[in-house]
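I have a structure here, written as structure tokens, and I will follow up with some questions on it.
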Amino acid sequence: MTDAANTLTHFDNSGQAHMVDVGDKAHTKRIAIASGVITMQTSTLALIKSGDSKKGDVLGIARIAAIQGSKRTSDLIPLCHPIGLTKVAVTFEIDDKNTSVICTATTETAGQTGVEMEALTAVSVGLLTIYDMCKAVDRGMTISGIKLLEKHGGKSGEWVAP
Amino acid sequence: MTDAANTLTHFDNSGQAHMVDVGDKAHTKRIAIASGVITMQTSTLALIKSGDSKKGDVLGIARIAAIQGSKRTSDLIPLCHPIGLTKVAVTFEIDDKNTSVICTATTETAGQTGVEMEALTAVSVGLLTIYDMCKAVDRGMTISGIKLLEKHGGKSGEWVAP
Amino acid sequence: MTDAANTLTHFDNSGQAHMVDVGDKAHTKRIAIASGVITMQTSTLALIKSGDSKKGDVLGIARIAAIQGSKRTSDLIPLCHPIGLTKVAVTFEIDDKNTSVICTATTETAGQTGVEMEALTAVSVGLLTIYDMCKAVDRGMTISGIKLLEKHGGKSGEWVAP
Amino acid sequence: MTDAANTLTHFDNSGQAHMVDVGDKAHTKRIAIASGVITMQTSTLALIKSGDSKKGDVLGIARIAAIQGSKRTSDLIPLCHPIGLTKVAVTFEIDDKNTSVICTATTETAGQTGVEMEALTAVSVGLLTIYDMCKAVDRGMTISGIKLLEKHGGKSGEWVAP
Amino acid sequence: MTDAANTLTHFDNSGQAHMVDVGDKAHTKRIAIASGVITMQTSTLALIKSGDSKKGDVLGIARIAAIQGSKRTSDLIPLCHPIGLTKVAVTFEIDDKNTSVICTATTETAGQTGVEMEALTAVSVGLLTIYDMCKAVDRGMTISGIKLLEKHGGKSGEWVAP
Amino acid sequence: MTDAANTLTHFDNSGQAHMVDVGDKAHTKRIAIASGVITMQTSTLALIKSGDSKKGDVLGIARIAAIQGSKRTSDLIPLCHPIGLTKVAVTFEIDDKNTSVICTATTETAGQTGVEMEALTAVSVGLLTIYDMCKAVDRGMTISGIKLLEKHGGKSGEWVAP
């Protein structure tokens, strides 16, 4: 029978959660890229665009939060392994047409387990920080489209979002 | 001129980020409710539905992660105040029609600043945990619709998503 | 029917875990005292007794670890509320007859929820630290008798171990 | 003269605490297994046994706390090295005869230092979480028998509790 | 006899470290201001001055690190109480004459214990972050003059550095 | 043109902060030594000198805080990589002539990035802890001279403070 306990690697044979054994997996270079979007009012996006390091640098602060957040992934996600990240890069892109900001994070390690969660966590924390900084003027912002774009390395190898 | 530095409370008069002074705000009961969704393949949702505490309890684990995540909010979001949360509740609802799981978090405090970020962080971490637990079978899952549903208490008072 | 979900306050009416609402509880002075024991070889206890701040102060280090550990309680125990501890005191007593060290922790707050877990966590981390520091010479040490001795304050009031 | 400073590796030649140099130790597979017990009233054990993921899953929550706790070991125990754990597994066994729950944790890494403290910390946090979840009905629960069962790998090699 | 154990409040009557009892102290508004300096080569200071949010915003990043660091004070300093900070503000001033950057932090709470350590920790982490960001071009930077400038509130009241 | 974005490795080509890619750097033994000083009143230094593990061991506590602090470096400094430290040693030296205490920290790893920040963070946290423990009798203490003394290993190789 196919059920969660038999199929999902985060459960052992008896169906109990565990931090899965990766001790025999190869040390390979692993890369993950994830992205997500926060959509807001036109006036809120204008505020973000008006900011710079002298005044109101929303995106600069969100980038730092995203990077720091990715380092906390194994603290936040119960069954994630602690990982020695070798690179975290986070970019923001203004999407005027959809009055939104797109966050993309790239994470890398040379280890025994992938860094998808680290990239997704970076994106989530980056977008939450934008929400936090702008919520006084726009409580209705929505975060969406958080997904893995691609991953490389490891036993399952290459994966690119369709 | 209206720009980020003049409008957003997380910046001071010179436009620099600060953790805004809430020392003179009233201690009132503050409630926030937020939600979000993770969409997946039908077979992945079936796996989640098949789980229970004996085997493969994905949602039970995601709930704990969400609650613990909400307690880490001020660690993750740079300008958030540390808050003595008095309640955190997290629910998951299966949405078969959209092959997705909806996460809703309610947070409360009796303090000088709101708990919206704590609710949004709980939702984000809960959904990320579902992604983590199911990613071995479905890398294409997408997290979306993370937003504030309502807030109560504080100077700005009642707010309900339109 | 009497079962965990109906009886234990950490579960809501539908049996799901939550961080229980303490927002309406009174702010009262709350005290908890807990203790525990680590038992070891006679020679290991002699080593601990020989230490002082100039050389090998095992108990001084364990005390600091216990105090810091108690501040991490809500990070470690999923459904614990974050608490503004107003006092943490930790003592160690040598029990030569049983070749063991007794750790006792007292925690206090003026809040809406008790500090029993903070006292028990302090004791646990203190004893684990002793194990860590002496394990190179005695892997067979055993930690036991971790229990609440008394608590004061709060709705349930006074409790003293029988 | 044999004293703590001369014998315990966590102290340097002058008797001061340090995080001992493991840089020249071999990277080997290291495994540790630890266990411990929480003893309670018969009615409390019945509550725990009545729980499942739909209602009151005490042990499922304690397992997650134990796994997360083991990842925090180097934060909690002052002289522990940060370790890239490759596996953490935690099981609970009901012991009706002694009205208790036995927690066993297995930890693994491929590194330069052992994972005994990670296993012992997992057990301690798992048992503390059971205490937390049941304390409203049974403050007299006692945690005992926390000890290392076996370890493998590293310079000191095999060790099994007598 | 006057010695550390009798005089310093972080030790109890027997000379053991404790987190001192503040439960009976008044809840008053408490403010602390601290500052410190990092001195560097002229060319390094020029690099910092050339940065803005589009390119190389060293000080913006250091400010965020300082604010986040102040929230971690009770994690870092063993006997500090956890505090609900109500304000953290951090400024940087270029001192061309001394080829240095001055960091000043203001912290506030309405509580039972002071926020001096939170201000000093903010300054320290802010300056360490500048060191980190510029160390590739200038390893000889020196951090100095970290001190309390003033404090207000609490039993000991007003204090201003002479 | 030479500016921060072009020169400092913590910024990418477009001048945005990132956690720089170290994945292709060699795994070499890396050592860093840093020091710093806290200057105080003669009577405060006398208090510190009077302490021992039985009564008022200020320096023993500061040493533990410094070691633990160095393990938190990548949490505190935004663009630092998480590192598996293999050694942390911290010493304190009394400087009667200048009524001060000198703190020196040595950190080591076998990895892809240096441990200078870990040594500097250890020193900073150690000195802040001394301030905390003595501030009740001497608010005017000053921390200064925090600097790197030497580093070894890595692409940039040997560096010794002039």
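Chains here go by letter, A, B, C, D, E and F, matching the order in which they are written, and residues are numbered from 1 within each.
What we mean here is this: a residue touches a chain if its C-beta (ideal position, glycine included) is under 8 Å from a C-beta of that chain, and two chains touch if they have at least 3 such contacts.
Composition by chain, UniProt nomenclature: A, B, C, D, E, F = Cyclic pyranopterin monophosphate synthase.
Here the structure is a predicted model, which means the values were calculated and not measured.
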item: Chain copies touching (chain A, chain E) - same or different residues, decided at half shared; value: same
item: From chain D, the most remote chain by mean C-alpha position; value: E
item: Chain separated most widely from chain F, comparing mean CA positions; value: B
item: Contact-pair overlap exceeding half with B-E, pair selected from E-F, C-E or C-F; value: C-E
item: Rounded Å distance, chain A centre to chain F centre (Cα mean); value: 31
item: Separation of mean Cα positions, chain D and chain C [Å, integer]; value: 15
item: Where chain A touches two or more other chains, by residue; value: 17, 51, 54, 57, 60-61, 64-65, 68, 72, 75, 78-79, 82-84
item: Pairs of chains found to touch, sorted by chain label; value: A-B, A-D, A-E, A-F, B-C, B-D, B-E, C-D, C-E, C-F, D-F, E-F
item: Of all residues in chain A, those that touch chain B in their complex; value: 2-11, 14-15, 17, 36, 47-48, 50-51, 54-58, 61, 64-65, 68-69, 72, 75-80, 116-117, 120-121, 124-125, 127-129, 131-137, 139-148, 151, 159, 161-162
item: Touch list for chain A against partner chain F, complex; value: 29, 60, 63-64, 67-68, 71-72, 82-91, 108-110
item: Complex contact set, residues of chain B against chain E; value: 12, 16-23, 74-75, 78-79, 81-84, 111-112
item: Touch list for chain B against partner chain D, complex; value: 51-54, 57, 59-61, 64-65, 68
